[in-house]
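Take a look at these structures.
Common to both upcoming complexes is chain A, partnered first by chain B, then by chain C.
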Partner chain A sequence: MTTTIVLQQAINGIVLGSLYVLVALGLTLIYGVLVQINFAHADFVTLGAFAAYFFMHLIGAGYFLSIGVALVLGAALGWLINASIFTPLRRKGNELLPLIATIGVSVMMQNLMLAWFGPIPYAFETPYSSQVIRFAGIFVSWQNVIIIAVSSLTIALLYAFMKFTFLGKALRAVSQDRETAGLMGINPNQLIMLTFVIASALAGMAGAMLAPVLVLTPFAGTSVIVKAFAIVIIGGFGNVEGTILAGLIVGLIESYTTQYLNPGLIDIVVFALLLLMLAIKPTGLISERREENV
Partner chain B sequence: MVTRCRALFVGVAVIGYLAASQAAHAQDKTIKIGALFPISGPGSYFGAQDKQGVELALEQLNKTGVNGYKFAVQYEDSSCAPLPATQAAKRLIEQFRPDVIIGEECSDATLAVMPVIEQAKVPLLNAGSSSIKVTEPGNPWTFRIMPNEVMQGVNLAENAYKRLNARTAVLLFENTNAGIGNAQVFKDTFTKLGGQVLAEIGFGRDVNDFTAIATRVAGLSKIDVIPTYTLEGQGLKITQALAQSGVTKGGGGGTIQIGTIWLPFGFEQKAGKAALGYIRIVQFDPTETRDVVKDFTAAFKAKYNADPTHLNAHAYEQIMLIADVVKRGGKDPQSIRDGLAATKNYSGVTGSVEFDRTNQNTKMDTVHYMETKPDMSWTSLKWN
Partner chain C sequence: MSDPALAQPLPHRQSPPLSRRVGYLLAALAIIILPLIFNDTYWRTNLTICAINVLLALGLDFILGYTGQLNLGHSAFYGLGAYVSTLLIVKFGIPFWGAFVAGVAFAGMAGMVLSLFAVRLRGHYLAIASLGFAVIIYQILLNWISLTQGPLGIYGISPPPALIIGGRVIADFHNLTAFFYLVAAFTFLVYLLLNQLVRSPIGETLTAIREDEISAASLGINAAVWKVFAFGVGAAVAGAAGCFYASFVGTLVPDAFFVAEAFNILAMVIVGGMGTLIGPVFGAILLTLLPEMLRGIGDLRLVVYGAALTLVVLFMPGGLVQAARFVHEKFRRGGPQP
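Our next item is the complex of A and B:
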């Protein structure tokens, strides 16, 4: 029984960690390239969740197609908001302006969603939410299997993109030294736009994956984003591998804290780890093995 | 003679004018009601439904007025949390100068606004907060219609033990005044009766995935009931996770999930099969045959094309009780407070109202039990 519970909580932790990683990756990408915290990221997640919900329930589309729609909508919105708000503010040369603007965008999006979707929680059921696989006393829903599979695939694709494509290498160059990258013929503004589009697409997709797990309201993303920020800090701001590792660790910590201590202590344990990391290794979990971020 | 007639005519005209203007003035008189409801955040479903109940009551009352008074409501978003609720209460008091305030729903928020409202000497009529601290030791300006956590918790534990033959329980609750208080009352009563509480699991409002909690619950020995105290969103996820882990009836297990006044009607449709057999207290039973209930249900359906929830009902009740006090002579904060305190056997849509020395409604006919049926509808259990 004890082994079963340990294994079950490990699965629960990996599922939760995968969701956190999906949300945190966008945050860390933007920070890595722009050295900017995007406070509106949570609201892109929420919008992705609602997009998937309405695409499934109003149009009757399948869940996987809905994930795709949320991804595309996130990307499009990321492009639009960056082009219309953040880029003009960055041109003014004051780095504080776009940072404050992300807070403004966040409040605006939350209230727009509140006006459109109302305050009452939505129940987002997919065909896979209630289908449960049971094996040797362990249970896992197909929804959670999909979460792990899609998260793994996304992480692998993002890693390959960053490591092996020209654009990925260019992004890493911009994150290391924007001015020098510009002198080498790379257009930093286009790559900043690309970063926003990728991060927002990831957020939209994360929303669609999270929606069946989250309490779906216009404020849904905010309940995850604080944990995502902690993960980004623990993993090392701007470090993709660190973020993945930290996300999984936080997911596992949550599961085992729930099992062996009390779920009321989750935040204390997670944020104690964050403070410990800041004190002992402020650059993050695996930053020493890498010289560059992103 | 002509002069005398003219003087008489002028006199009558002046008296007529004064009388008419007096009547018009009386009709212009307004009872100002401040409403502290959560309109944003996780408890905002309370505010949305409260507002519907209030608007229906206003529509009905303002057609004719009561004792020459009309009613006006100013809503403020108190967000189900202490700080925004306190700010909202201050805004109401300073800018709107209400004669009476209704709300909040969440106990933490209500407890935070009580000192502010008491200082302003404005009566607060509460319907949704269950924490015992709202009326114990008693605040002369705060009144509560709904049964408090002790009244609900004792009743729930007794019914679990005697009617459901429950002997073991696991408590799930959010870490707030109301959540902790409700769970503690259940535990005290249940253990005194001879039952055993196997685990007490509290959690923050930011927890989204309850699979880990359900796993822990599933790992315990045989559980008869799981009293659950949380808001609708988290409640949905808990119910689904418990079913998924095979613990509750909805997931093929034998455990019954039970609860007090936290969840709105419609919860069972959202939770789906997972909610099967869920037994919980609601503050309103639309299947009651009293005329006041039938009239309210019909009027609500006509206005909103939907069945009223218990949140709709208790918001409606707050306004109707204030109207009753105005009918009995209430016209300003002090007289409305005194009128509320003197309320005897008021019969409303949620049940009857009569306040004790702590301004707590003593009537238990406001406690209604419902159980989720296999087709996701519910049935009234008529336990009280």
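Our next item is the complex of A and C:
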């Protein structure tokens, strides 16, 4: 009986964790090339969720197509925010200003969504939520199977892209040393744009898959992004493998805290882990060597 | 020596003592006159909220603008000050001013403990750590129901005891005007103290750390100690704001100290002009009154708020102070040349 619960919660944790990984990977990729944080990333998740919802319920499209729509919307928003905020502010060379500007964008987007969609949570049901596979006393909905499959596939593709393609290598080169990469004939501006588009597409897509799990309100993304920040730091800022590992850990912490303690304690446990991590090993689970110019 | 016009004032301008004294006098006059002009309850309430927000913005600006520590969790110290003082009053019957001192001290200590992390962390790591701290404090206030009554909140918190000198009631803080004078006077005092502090050698030290920590260290400055000090001072000021807030509003719910409040305070500092003390004062006043004036457009008022913050960062990163200086320069150049 208890092993069933442990296993059941492990599956729930992995489902949540893999979605957190999608959101956190975007943050970590952007941090890698720009050493900047995009606070509006949270709202890309929320908008992705709403886009999928309305695409399914108003147009009657299938779930997979809706995920695709959310992905495209996320990519477009990422392009927009890079072009309108990060590119103009990069010349000023201040680490604080873009962060604050994106907080402003986030407040703006959340309240626009509030004016549009209202504060009452939307019930996002997909045709796969109610189809359940029963296996040795464990229940897995098709929705969860889809989440795990789609996010693993996405993460694997992204990983392969970063490791084996020319663009991926160029991207890593830019994140290691932007100036030298520029000297090697790589255009950092284009790669930064590409990173933003990929990162934001992941956020939009994660939103479409998180929507049935979350309480879908205009502020839904905030609770996710706060955990994604914790994941990024626990895993090591700018580190892809560390982020994946930390994302799964946080997902598991969430499901086991809900089961054995109290759902209200999730954030406290996650952030206590974060502060502990910062106290013991601030470079994260898997640390990447970063040289600092004096 | 050749051309006096080339000897431009430094960005950090030392205003001459006389004009500074005149400025203080005008500020004191404004504090005295304002509640007499705005004599309805609605505006007097807003004035007090303004004074509390100025206090919060000053505290954050001291941490952010003067030592460059990106604190995204200022709401936590605000909340700690409010809850610690209120719980001491409600549960243990400690007199208001005793609880006030305890609340301020507790918030200051929490700030120093958090900044002990900051000593090892820079920029974005501190930003996320402080954000995480604010989330933890908010969740504790929400979930520790036996202590804080969680989302139900604490009701019927009384204002500070009346000021009685020689048997005569000088100020009864049930009166909105008296309460405003109390908070405004305290805020004014904090402003004067911080102003003295940033003009002293300590201020120079803090600026040196903000500009370049490694160079500052090479001059023998112990950056860690000063950063912890600045964080403690800023957090303690936020704690004081929390104590006033609780006794002013009379009810305490955790939602008042959600992370969004930290972003609000940050916006006040940025819109006003980070790294100056006068800027955040006007930033706080503007951003407290702006949403009130925009109440007519309902939900969209916060959209305007977000847009304003973004536009300020993009086009006027020095905030209101930069705008004022720009106008001042224009005016001076436009005037008759000596």
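FYI, the second predicted complex is superposed on the first by the 284 of 294 C-alpha atoms of A that agree within 3 Å, B and C clash if a C-alpha of one lies under 4 Å from a C-alpha of the other, contacts with A are read in each partner's own complex, and residues count from 1 in each chain.
The criterion applied here is as follows: a contact is a pair of C-beta atoms (placed from the backbone, for glycine too) under 8 Å apart; a residue touches a chain by one contact, two chains touch by 3 or more.
The shown structure was predicted, so the numbers you read here are calculated from the model rather than taken from an experiment.
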| item | value |
| --- | --- |
| Clash or fit (per the criteria above) of chain B with chain C on chain A | clash |
| Touched partner set for A:Asp267, first chain B, second chain C, both or neither | both |
| Partner chain(s) touched by A:Ala230 [first = chain B, second = chain C, both, neither] | second |
| Touching partner for A:Leu16 - first (chain B), second (chain C), both, neither | first |
| First (chain B), second (chain C), both or neither touched by A:Thr217 | first |
| First (chain B), second (chain C), both or neither touched by A:Phe64 | neither |
| Chain B versus chain C as contact partner of A:Met108, first or second or both or neither | second |
| First (chain B), second (chain C), both or neither touched by A:Leu275 | second |
| Which superposed partner A:Thr258 touches (first chain B, second chain C, both, neither) | first |
| Single chain C stretch clashing with chain B - from 41-49, 113-121 or 185-193 | 41-49 |
| Interface residues of chain A shared between complexes with chain B and chain C | 114, 226, 262, 264, 267 |
| Chain A-touching residues of chain C, taken from the complex the two chains share | 70, 117, 120-121, 123-125, 127-129, 131-133, 135-136, 139-140, 142-143, 214, 259, 263, 266-267, 270, 298-300, 302-303, 305-314, 317 |
| Residues of chain A defined as touching chain C within the complex | 31, 35, 37, 85, 88-89, 92, 94-101, 103-112, 114-115, 222, 226, 229-230, 232-233, 237, 262, 264-265, 267-268, 271-272, 274-275, 278-279, 282, 294 |
| Contact footprint of chain A on chain B as seen in their complex | 39-42, 44-45, 47-48, 175, 201-209, 211-213, 215-216, 219, 232-234, 236-237, 240, 244-246, 270-274 |
| Chain A to chain B touching residues, read off their complex | 1, 5, 8-9, 12-13, 15-16, 19, 114, 118-123, 125, 129-130, 132, 134, 139, 141, 144, 210, 213-217, 219, 223-224, 226-227, 254-255, 258-259, 262-264, 266-267 |
